[in-house]
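Listed next: structures, encoded as structure tokens.
In the two complexes that follow, chain A is the common piece, with chain B as its partner first and chain C second.
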Partner chain A sequence: MRFLRYLLMASAFYSAQASAECLTRGTGDMGIIIERAAGSVQVVDRSTHQALFRVEGLGDLSHASAVYSRDERYAYVFGRDGGLTKVDILCGKITHRVVQGGNSIGGAISQDGSLIAVSNYEPGGVKIFSSQDLTLVADIPATAVNSEKRAKTVGLVDAPDQRFVFSLYDTGETWVVDMTDPAKPQIQKNLNVGKLPYDGLITRDGRYYIAGLFGQDGLALLDLWHPEKGTRLILQDYGKGEQKLPVYKMPHLEGWAMAGNRAFLPGVGHHQVLVVERGDWNPVGKISVHGQPVFVMARPDGRQIWVNFAFPDNDTIQVIDTESLKVIKTLKPGKGALHMEFAPRGEEVWISIRDKDEIQVYDTRSLELIHSLPVDKPSGIFFTSRAHTTGL
Partner chain B sequence: MRFLRYLLMASAFYSAQASAECLTRGTGDMGIIIERAAGSVQVVDRSTHQALFRVEGLGDLSHASAVYSRDERYAYVFGRDGGLTKVDILCGKITHRVVQGGNSIGGAISQDGSLIAVSNYEPGGVKIFSSQDLTLVADIPATAVNSEKRAKTVGLVDAPDQRFVFSLYDTGETWVVDMTDPAKPQIQKNLNVGKLPYDGLITRDGRYYIAGLFGQDGLALLDLWHPEKGTRLILQDYGKGEQKLPVYKMPHLEGWAMAGNRAFLPGVGHHQVLVVERGDWNPVGKISVHGQPVFVMARPDGRQIWVNFAFPDNDTIQVIDTESLKVIKTLKPGKGALHMEFAPRGEEVWISIRDKDEIQVYDTRSLELIHSLPVDKPSGIFFTSRAHTTGL
Partner chain C sequence: MKKNIALITALLIATGICTVNAAEIHPQRQAELLYLLKHDCGSCHGMRLEGGLGPALTAKRLAPYGIEFLALTIVQGRPGTPMPPWRPFITDPEAYWLAGQLKQGVNQ
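What follows is the complex of A and B.
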């Protein structure tokens, strides 16, 4: 009887402890920050500007990115080493982890939240996992380049109607995969989209997929309302006349901003932000900036564009007014200003300052620094509001 | 000793129970549904299509609406009787409730989540409360109509840069209130915007505020990037040549949809949906539909428009393809199809069917009914993803 009581009490104590370790709170104002060098993430509270948990053991997190489950409780972190890690941000712990490829970059979550896709360089292809337990649902090998190698897959995004879209670097293709029936992926292949697509983006409404081309000038546009019509080349002068940059120096295409009916994008090898009209996708302006832009990001209401820059200008952030197309502020937050993330309604932007081991938070109206918090070599910042947005 | 053990066990049991009453879960896929007749709300899980809690005692919920705290844990419900109720959706209970006016309609939450504004008919004006505890922060009386009466306030929305915007029915004004310093609201008044503004909307990016006019044809547009320039009349034929409808039969302006660069809006007194180009705001098309449209809503990717209708056609929903501008499906879900709410990434739409006491969930790709759940005389449906969106 005593033993029984002990057992009962111990189990009550244990479950109390277990639940005490997890937070009972809304998840709408949370986020994670990648600690690149340590292979860990910090779970943060966006409202109080505080860290809640540190989660370790995520492997190589250089160029890591993350997506969220539709309930905004779980972050799926994509590592450079092929690691895919599911983190419970309410409990501050890893629930599942697989090393699914040898060398990978980027991932996406399906529209309905049930599937996680990862694009791999080696072996070239896309693997698709259950978002519940990370079991493999589909393995989609890329086109063979030769008897030993398949094309690298890049620019993977989710799209409406339960689709994933990605490009094949070596073979110049863009594939649209419909996962409505997970057991039977339907693949629609666009061949000859252009030479060496190296990255891709999808417009916020999920309609247009645009692949950057390393092997030629211009960009390949696919209208996902009409994938059967194939891609067309837009901005044919994009990159023209430039010395070839190494591929890792090419601008990230996530670094595009849409504001109203205009896109703002980093120039290639120029200290410029290009302004392009959506629809015909012709350039309508160029804005001179401090260095080679890396990320060109719109405040969610489209009123401002925030730009960071490649080394050696990565100590600077510039803010552009989207109406006057003028730089209205130059900030010097410190060396290694790597990543920016806006609050979903735009009142704040969080910026990773790697060499200061801190996150700086700016008020986007006054353009003043209002908070900072210590984070070990921070890179990507990912707020849970991404869960509700296509292509993020 | 035995007693001590009993106490310990009882307290452990009690705290287990207490924590069992609140859920430890992500809040990104939750929502509430207004039970209009009962004065209650159901808290629902969007992923499992199930009710989690029923919360009673919210007063008169005819035309009730709701907004969410930025953490997506608390719903603020605006009742017709001036009641403002804060509901904890993780614990299924009311945390605060005030009856703040005698006769009110609609409310909004500030960009930073700290303030809740409510627009009142009686006494005419806007009251602003702390989102924490619903204490009064600011009381903004409307323009006096005579010695006893102030203008009714209508069309209240939140806007970027910590602003609220609303219109004054009796005096034809639109006010922009900047709450950056809550102790000193800065009010910018636009006079003579048009006769009898009866409702308002803000575009998704937070730039344009549009007031519907009951006393004349056309709509009043205010560019919030330049509120100093005042309003201008757009769509000057809107409502023209029509028999006057009673004001409660005028289309709700929340029932506008933006898809790509086009707005879709209900015709006044016509069985039509109007198509308008953003920018010059000129009409570019009319789509004949089954009845007088009430809500005209875009699937989040802008690919489809879903329309419901006024009595006696409120047993019907039509789906319009935004490319061909054709009706592609006519659904007969049952009488009293009052409200529609899309999943934030658009794969589903939930529809209240009042006279069947149920919610129907449709797959937006197949346009088929996939789930239903019982709810007592359901009207408004509000998903937590609204927390991250301006003007919702």
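What follows is the complex of A and C.
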């Protein structure tokens, strides 16, 4: 009897402690959502569509992004103000935080999970930190533009063989950094890849790195199986003879949409999604869409492409069927539809609607809204499944 | 044609005919413009206007530039750079008002 009472007390104590402190559960169906204006993140449960924690004090999170530790317990959040914050999503707490640069634009985690690289606008370059405690491991300054300024670094991704790849906006370069020996980063520089690379992406298999160019037509492609061959321009005739429209928001390439053997890319300055055959990288089509695409993302099975748009068309989402290359649905979820994230097996997509202060969850088969949850000025949504995906 | 409009605008502004005061822009529109500044200009200039792909738009950094010049940059953009022309969405007086806000340090 006394033993039973002890057991009851112990379990009551345990659960009280668990709710006051950390959760005891798997993290595979969890994620974080950036609250861009409040400088906070919400930790969410994908299965119940509920918030678990709100973590505050992450600084300026406009344009923030995140990567995950390989055990899916920690999120590393890259803020605009150069802040790098390590968040324990089971406890809803910040474990480490450094302000590592003046102005940054995203980052990546190394193949072996030991290093976090951050891409900086100001001062231009990439800094690499230990994923354990965020101590500085390597500092890689970008090419100088003049006596005061270095090139802005963009499109930073992780690549197989413990490499990081990124591009230099002002000077038109793509660098491959091998971090096998963290004390001695090996840098391979590709010069003159094209004018004003503004973002980059890597294919899921880690083979091709592609930098989008703002200053000219086309994209710069690097085959990471053969980096010695340098970059080459693809789609350089795209858009010839067509009037380019002003761009009110730079497209993002991160959501690299690959469906079967075809890649889907935002047409910069055009109301189009471009379709390219992988391998020879020749265009196979252009799909006219509602506005200028920002994110062009494939449902994980490759059957659909979901697209959101730049200002002033950011109240719309379109869904493209990858077989017929036709728009099959136009959704009007609300103003400021900024970011989309698919469940790893694709049954749902979560969309942040900035001006409604909410996240909308759509069923990707019926294309119907099935849930919504309140989030203060939401932008990026990052599910833990990213922990196991190259380039995310 | 566009160039002409710009030139005329510049002349008007330069001669002071086109000066605006805040009273001419409805408070509701002012709020809309500030929201646009924070979130849509912010996607390139940073939500706190401390810089991003585009330069910082803080009062300190903009100190050397005149309001007219900044207002023209806003409505016309800068060809050859990602700075787009905002004329379809922002009128000249509104741009002038916005430039004034930037000069005063909208965020401080």
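Simple rule for what comes next: the second predicted complex is superposed on the first by the 358 of 392 C-alpha atoms of A that agree within 3 Å, B and C clash if a C-alpha of one lies under 4 Å from a C-alpha of the other, contacts with A are read in each partner's own complex, and residues count from 1 in each chain.
The definition used in the following text is that contacts are C-beta pairs under 8 Å (C-beta built on N, C-alpha and C of every residue); 3 or more make two chains touch, one makes a residue touch a chain.
Everything quoted here is computed from the prediction, not taken from an experiment.
Novice: Pick one for A:L191: touches chain B only (first), chain C only (second), both, or neither.
Specialist: Neither partner.
Novice: Return first, second, both or neither, reflecting whether A:Y121 touches chain B, chain C, both chains, or no partner chain.
Specialist: Second partner only.
Novice: Now for A:F311: first (chain B), second (chain C), both, or neither, which partner does it touch?
Specialist: second
Novice: Please indicate which partner A:A144 is in contact with in the superposed arrangement: first for chain B, second for chain C, both, or neither.
Specialist: neither
Novice: Which residues of chain A touch chain C once you look at their complex with the stated criterion?
Specialist: That would be residues 36-37, 60, 62-63, 80-81, 102-103, 105, 121-122, 152, 169, 196, 198, 214-215, 246-250, 311-312, 336, 354 of chain A.
Novice: What part of chain C is in contact with chain A in the complex they form?
Specialist: Within the complex, chain C contacts chain A at residues 38-40, 42-44, 46-48, 50-53, 77, 80, 82, 84-85, 89.
Novice: In the complex, go through chain B and note every residue touching chain A.
Specialist: 5, 8-9, 12-13, 15-16, 19, 22-30, 46-47, 68-74, 90, 111-113, 160-162, 180, 205-207, 225, 260-261, 278-279, 300-303, 323, 344-347, 365, 384-385, 387-390
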